[in-house]
Amino acid sequence: MKKIITLGEILLRLSTEVGKRLSQADQLALNYGGAETNVSVSLANFGYDVYFVSKVPDNPLGLAAERHLKMNGVRTEFLLKGGERLGTYYVESGVGARSAQVTYDRKHSSFTQIICEEIQFDNIFQDADLFHVTGITPALSPSLVELTLIALQKAKEKGVITSFDFNYRSKLWSHQEAAETIKRFLPYVDICFCGELDATYLLGIDKASESMENTDRLMFYYETIRKKYPNIQFFASTFRDVLSASTNTLQGNLFVDGALYQSKIYQIDHIVDRVGGGDAFVAGMLYGILELTSLKEAVTFATAASVLKHTVLGDCNTFSPEEIKTYANQVPGKIVR
Amino acid sequence: MKKIITLGEILLRLSTEVGKRLSQADQLALNYGGAETNVSVSLANFGYDVYFVSKVPDNPLGLAAERHLKMNGVRTEFLLKGGERLGTYYVESGVGARSAQVTYDRKHSSFTQIICEEIQFDNIFQDADLFHVTGITPALSPSLVELTLIALQKAKEKGVITSFDFNYRSKLWSHQEAAETIKRFLPYVDICFCGELDATYLLGIDKASESMENTDRLMFYYETIRKKYPNIQFFASTFRDVLSASTNTLQGNLFVDGALYQSKIYQIDHIVDRVGGGDAFVAGMLYGILELTSLKEAVTFATAASVLKHTVLGDCNTFSPEEIKTYANQVPGKIVR
Amino acid sequence: MKKIITLGEILLRLSTEVGKRLSQADQLALNYGGAETNVSVSLANFGYDVYFVSKVPDNPLGLAAERHLKMNGVRTEFLLKGGERLGTYYVESGVGARSAQVTYDRKHSSFTQIICEEIQFDNIFQDADLFHVTGITPALSPSLVELTLIALQKAKEKGVITSFDFNYRSKLWSHQEAAETIKRFLPYVDICFCGELDATYLLGIDKASESMENTDRLMFYYETIRKKYPNIQFFASTFRDVLSASTNTLQGNLFVDGALYQSKIYQIDHIVDRVGGGDAFVAGMLYGILELTSLKEAVTFATAASVLKHTVLGDCNTFSPEEIKTYANQVPGKIVR
Amino acid sequence: MKKIITLGEILLRLSTEVGKRLSQADQLALNYGGAETNVSVSLANFGYDVYFVSKVPDNPLGLAAERHLKMNGVRTEFLLKGGERLGTYYVESGVGARSAQVTYDRKHSSFTQIICEEIQFDNIFQDADLFHVTGITPALSPSLVELTLIALQKAKEKGVITSFDFNYRSKLWSHQEAAETIKRFLPYVDICFCGELDATYLLGIDKASESMENTDRLMFYYETIRKKYPNIQFFASTFRDVLSASTNTLQGNLFVDGALYQSKIYQIDHIVDRVGGGDAFVAGMLYGILELTSLKEAVTFATAASVLKHTVLGDCNTFSPEEIKTYANQVPGKIVR
Amino acid sequence: MKKIITLGEILLRLSTEVGKRLSQADQLALNYGGAETNVSVSLANFGYDVYFVSKVPDNPLGLAAERHLKMNGVRTEFLLKGGERLGTYYVESGVGARSAQVTYDRKHSSFTQIICEEIQFDNIFQDADLFHVTGITPALSPSLVELTLIALQKAKEKGVITSFDFNYRSKLWSHQEAAETIKRFLPYVDICFCGELDATYLLGIDKASESMENTDRLMFYYETIRKKYPNIQFFASTFRDVLSASTNTLQGNLFVDGALYQSKIYQIDHIVDRVGGGDAFVAGMLYGILELTSLKEAVTFATAASVLKHTVLGDCNTFSPEEIKTYANQVPGKIVR
Amino acid sequence: MKKIITLGEILLRLSTEVGKRLSQADQLALNYGGAETNVSVSLANFGYDVYFVSKVPDNPLGLAAERHLKMNGVRTEFLLKGGERLGTYYVESGVGARSAQVTYDRKHSSFTQIICEEIQFDNIFQDADLFHVTGITPALSPSLVELTLIALQKAKEKGVITSFDFNYRSKLWSHQEAAETIKRFLPYVDICFCGELDATYLLGIDKASESMENTDRLMFYYETIRKKYPNIQFFASTFRDVLSASTNTLQGNLFVDGALYQSKIYQIDHIVDRVGGGDAFVAGMLYGILELTSLKEAVTFATAASVLKHTVLGDCNTFSPEEIKTYANQVPGKIVR
């Protein structure tokens, strides 16, 4: 069983039921999320030994977060207890014409108050196979920029594969802050999740001509990045077309050695909960890269994983590899009896 | 802040959850509705000082109705307490092939027992800017016919803009009764919500040729009415195409000075609750007429307001003008983080 | 009021709410199902005097099952009490990309432990008009094979119309077991529900050429079966196209005297619960055959009944004949006020 | 199986959950009640063939009421469909210091609009063993006074045992109206449920001295009534001491041939729902009189039935005679495994 | 209608359902609380024109808080929008042996970030009759100490009656901090809510002999305080005996002009929700002082208000003066029909 | 961290909500239970490394059971997957006069189908400190008798402390079967949970005189058993007095070296869920024996743990040692803020 390390924040998620606005709700469903949390849960459900490095307050909410991780098989040996509060966000589910609305209340969280000395990466990375982190983590505080950088460097030292998802959030930092920071990370990254907006806004690549096909533009960006950071072996992203809050299309992209592998375009109708869909793609792609025999299979697996995530409430993807493969290869919708 | 007056009934609404029939339900969701109530709530959410003139029983249900209005910012200084009961209706939500089914239990309500002497219109209309009422109110009792007429006349005397929505309901009165009554009102109306069926069945206008476009037929009807009631400055209505209980299209129409302004045709998919959609349009149009700089903008705003209403449970539209404008101008469905 | 007899198992059904997986659920909705149960409930809602022959344990769950039948107007005079347990199944509702998943826990049920001596068919079939059973019943135990055969024979002796639905379930028996058993039943059947897979896998008819139209292939199978079992007067089935777990199309087929009658193709969007959809079709067809004046009407009624079933939670169809006819003849989706 | 007839109203009951006030609720639990309905359900659960004579509207709520009766085994052959509405009441559950609060909305119901010609008592009372009605039924309308009187007279003609529960409700009629009416009924009554307040306020018996024991006072009243109405064979009532909305004591009384039989005093703690407790006592007493071998047993059974009713939500008592006897004879509270 | 001003924080309250621990919950009930909020809601329900001075974030949670106030009739003209977040607390309801557990997450809230310049007390106190604030407000930040002091001084200048509730919370500040601060406030206070612990720990009064009765000790403390702060006219507090989380006793005390007025000792059994019980007492006492003709009546009213609060979920007391008086004078627990 | 091994069945538990009977429920709460499961969860919450040896089916219910264990920190390395079904039981919660009612549906479960060869005790007991099993496990099948015996013997061989709880269930086996089996186990037991009924009915000890005190009788039984099985070092049990389903008293007993240690008598009022209360006592006692410095402390801890369990829904006790100690030493019921 491969050992995987993630570094990130686990957030309390409180959601309204479908058709209710947050300002009218008198019941909220309680879940847990956060980009790296979601990836960790997916990977643990895929059978990996996943260790989540983070910090939660030493109160019932911190305990609940820990229980959530354990229930999903994520190892919590490196989950620190202490600090001020658990980051929280509120989700007003979107439907049809109405977009989902996320209200963040995540400042001053225990995770943002983590200090580098609390984390023993030598120990953590011992015998590890893969390390994953996203751009959300360094966006949370200056000390988390340093912690992320140290983690990536240590991982590379220890021979651990590194995975980085840009996951740019404009509410957390500016384009400029993100650009400067991420550029310090990229030399230590093996697998990189980014798209056109990341390439142009953060990495400063000139926008490719609108007359080019999506696919060609994406290849152009990846080629350009690869020239600068030849250490990056895998680039991945999705094309998502938002027809309404309930209907999207999704296509996965994986770029390796100058070649682009794509899944078919999935129609995702009757979206139950879109939050966490991108993280399910990331986890699926890491599984695909680590386990599957072809790159085409990997991108198909990752995209199918993401599509299935849209059918369950909560950020977390709990589908097994078998369920995802079955879906990827099959006509959907039949009752399984 | 403009002062708006509405006159109408507030009804208790009890709804089954999706997928349950009323005869099988053992839980009902409790909301409040009624055409003028819904318009009042929308307008209060738009920031107006809305006074709802009505009567509810002096019992916990009457109190609950009052709390509902207050929560939404509607002023209840002119809400009388007394009489027999609160009008009630039961909604079995429709979905896909199955239409929503409304079971009324609204007879003998406190509102229908209101007497003209209870209402001091001189006081109520003092400094008011707009008065809105619908054809449902006079349909409830003969004394409400008189009350509605007095209200419209008083409003005109006081220089208040008047708005009337035909809202014909065959369960409440016959075509003939409605026709006779409404014709007494129209000379006092500035803004009129009616459509083809109203024009032909109630106002006795000959049906326009089926070979004409929808739009041309509607203009023909409005022109004809305007000749008879030149006082009416604004005519408005929607074209709704019911593909299933879960999927409709909607287009708004606004006719002023011989010109028809139309919104684009919205596809409303994944309808959560359609009841109150028409009232959201009315409120949106009143806002558009009072506030917006172009008639095109007004009809777009009204239609977008109605579309958004379809995404929330309950009769009431609680979207702010900003949210409606954002939706009207934007690709739907993106998560707002 | 015609008297109808059914023989089968009533199962406890425990379902997750939409968007929740069974492994994550902490609430389950409790309903009752089973092929013959569902048909019985539909037929009782259509106004027939339906007697359900079965056995449930003498405990609160058995009592609850009995209450469910009574509430729906099904007569329980021939419902035995005793045996070990109530067969149970768990439903994880499908949505969009994710198929519904049924987990059975039905072995060792009281019904499978029924012994032939417990059932007095002479008494039961007295003055009966129709008897319905499905292939699930004999699949449950060897003694139920005999009981089903005796029932069909007794029914024919007593001049009762017999109806048999293949309803093949691979988890319950093999193709070979099913084939051998069903062939013993068919000489006693008047109305037969089966499709292409039944014809080829169970009755050993050579697969018709793929180049033929669906419809022609179906007619070919029915003709072939009819040659062997000329006693069968009615053949019925549906064509279902599964676009996603939330969107299907459905078309009903009825084959009589060499002619095929078909409903239009219904688009079923926003499926709430598909389980029991086939049973609703069967019950609708039996009603159509017994009551309606044309075979075209019969197949339309049956298919409309099935479509409406998809809009309610639970296996059971509680729509009245009037509601089904209204739907069959009408544009769907309008609010009925 | 004995045949029992009841005449009364079935009411829709909508209740808040514990700890919520009606003016704050946004979910209501849906049940059915009404004095004679509750007695009917209890008696059907005891195994009798109970026919409920009433009228409900021909709409989904009327259908739901009918389903409720059927589920509980009550026969609905004499349940008429038609009229204006289903009587409704709202229950705000009491707890501790806060009393339960019932808000009625029952005027103009279909049942109050029943006309004598609609009911064929000759047919209904054929082979019947017992007829039960309460003082609520005649309180609802003048025509129901006549109907109740006719029913009691017809029952006596046909040799049916008659049972009458005073059930005086001051919101429905005055003391004087009730007194005049009930005095017309009593000559036809065999089993009479009444207490001290009924004796003094309605039957005009002088209040017994406060210095007498409860029990002696009650015997004095019963003796006095029996002198005037020697036809009454059984008098029954309860002593209830309300310590709080959650804690009561209850003792049953049965007076026959000059002797008073009493149950022990039950402490009812942790009351879940008190509404319907009196009706459970009535039904238990009727069972006791019809089935049990001693009058002491009868009053114990009736009181135990009432106590158990307080532990379930909704008006209806669904305990079997075995469960009630077990409780009556046993220490409460042990887990039954 | 008297005008009342309150200054304090409105908090989001998220509660588990009874019998569930916070670490296990997957649904939370959403309410609003905070000491001054609760007092405001009670007073508005008593019919006063209550203005709540506070600050909430400009997001859906701030809007929801505002809607909560409005629904309860509290005026929000002086509710500022802005700042970082809404203070939040989580309640794990206690029952029997298990105490309720409150987890606070209230730091960095918009209210704590309020600056004195944002509040125009001259305007706010215009024509006001009473001002109420508690010790929680100054405990939240240094600038709130100043704001509270200014408010009390301004109120006195304007001739407004002032009310102060010590409400000491050890999690917010130390004894010493509280003592120093509160001593600056007391010279401006007319009505003071405090008890033995406040007197000894915060005001440094020597503990009275344990051999004295509760009541005598309390009088001793009040006398001592009054000597130092002769401006304080009213002292009030409760004696609460906690038998279990579900059973308490409560007695109210009011000390005026050297005399102590006490309510009877109420047994509060079957406690539904104790949070907010103290605030209900405060509001009841303010009503009693402003409206009632005797001090004995005032303390009885206040205590009865507090007892009733324990029977409803959520912090807020929505009982009307009539309901409270009825309860105070009556045997509890009878169904009100 | 000590290593603890348990052997037993994990059962699916489906419960009605309070006040609803199973035959009326349409929602069931889903939990997991089973004597050894409950003990395992408690011990894991106390911080031990607990390994649960069992077998669950390889389906979503088996997966859910595994997730439940993991969430609570129980190790599932020795949880086998396979076999027919998950044992299930239904709980109708008791309240006041109505006892809780458990309906078992646990036959033919995967655990009962376990074969000895599947379990590698040598590996399992490696470095283990304690092994716990109850009389329910051997009652389920003959092979489980052998498995239990082997486990006890192996544990003793490996120097592991053994704990055995009689937990006699008459629905699973006869007194005679239990007696014969348990006598084979006792020579290998160190810690024994049994009471008076076990001693007299199963171990054949003559009933002590009724005139003796409870406590003396218990000591007499324990002395008698100890003479026969001098290996047993600890005897423990509780005295429970069932006043109603909502109110019990509980006192813990621990007998060591001829001396009896007792907790105080706890009044447990407002019982939320009693199922699992005994298992919480067992786990508490094991913790007390392993960790605490005095036997008095141990029995107090165990009893307090059991009392707290009665305040939460579900079989499992999730209180930490700190929470239990706080409760054991404190007045209950104060809000912890």
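By letter and in written order, the chains are A, B, C, D, E and F; residue numbering begins at 1 in each of them.
Here is the rule we use: a contact is a pair of C-beta atoms (placed from the backbone, for glycine too) under 8 Å apart; a residue touches a chain by one contact, two chains touch by 3 or more.
If you want to know which protein each chain is, UniProt gives these names: A, B, C, D, E, F = Sugar kinase.
None of the values given here were measured: they were computed from a predicted structure.
Participant: For subunit C (Sugar kinase) and subunit E (Sugar kinase), which third chains touch each of them?
Facilitator: Joint contacts, listed by label: A, B, D, F.
Participant: Work out which of E-F, A-F or B-E repeats the contact pattern of D-E, with more than half of the residue-numbered contact pairs in common.
Facilitator: E-F
Participant: From the centre of subunit C (Sugar kinase), which other chain's Cα mean sits the farthest off?
Facilitator: Farthest from subunit C (Sugar kinase) by mean C-alpha position: E.
Participant: Any idea how many Å lie between the Cα centroids of subunit C (Sugar kinase) and subunit F (Sugar kinase)?
Facilitator: Each chain reduced to its C-alpha mean, subunit C (Sugar kinase) and subunit F (Sugar kinase) end up 45 Å apart.
Participant: Quick one: report the Å distance separating subunit B (Sugar kinase) from subunit F (Sugar kinase), using the average Cα coordinate of each chain.
Facilitator: About 63 Å separates the centre of subunit B (Sugar kinase) from that of subunit F (Sugar kinase).
Participant: If I count partner chains per residue in subunit D (Sugar kinase), which residues reach a count of at least 2?
Facilitator: 21, 23-24, 26, 67, 101, 270 - these are the residues of subunit D (Sugar kinase) that touch more than one other chain.
Participant: Which of line, ring, star, complete or other matches the graph of chains that touch?
Facilitator: Topology of touching chains reads as other, fitting no named class.
Participant: Show me, using the given definition of touch, all chain pairs that touch one another.
Facilitator: Contact pairs between chains: A-B, A-C, A-E, A-F, B-C, B-D, B-E, C-D, C-F, D-E, D-F, E-F.
Participant: Please output the residues of subunit F (Sugar kinase) touching subunit A (Sugar kinase) within their complex, sorted ascending.
Facilitator: Checking each residue of subunit F (Sugar kinase) against subunit A (Sugar kinase) gives 67-68, 70-73.
Participant: Could you please specify the touching residues of subunit A (Sugar kinase) with respect to subunit B (Sugar kinase) in the complex?
Facilitator: 18-21, 23-24, 94-102, 104, 169, 171, 242-248, 270, 274-275
Participant: So in the complex, which bits of subunit E (Sugar kinase) are touching subunit D (Sugar kinase)?
Facilitator: Residues 266-273, 307-308, 310-314, 318, 327, 331-337 of subunit E (Sugar kinase) touch subunit D (Sugar kinase) in their complex.
Participant: Show which residues of subunit A (Sugar kinase) lie in contact with subunit E (Sugar kinase) when the two form their complex.
Facilitator: Those residues of subunit A (Sugar kinase) that touch subunit E (Sugar kinase) are 14, 21-31, 59-61, 63-64, 67, 84-86, 88, 90, 92, 101, 103, 105, 107-108.
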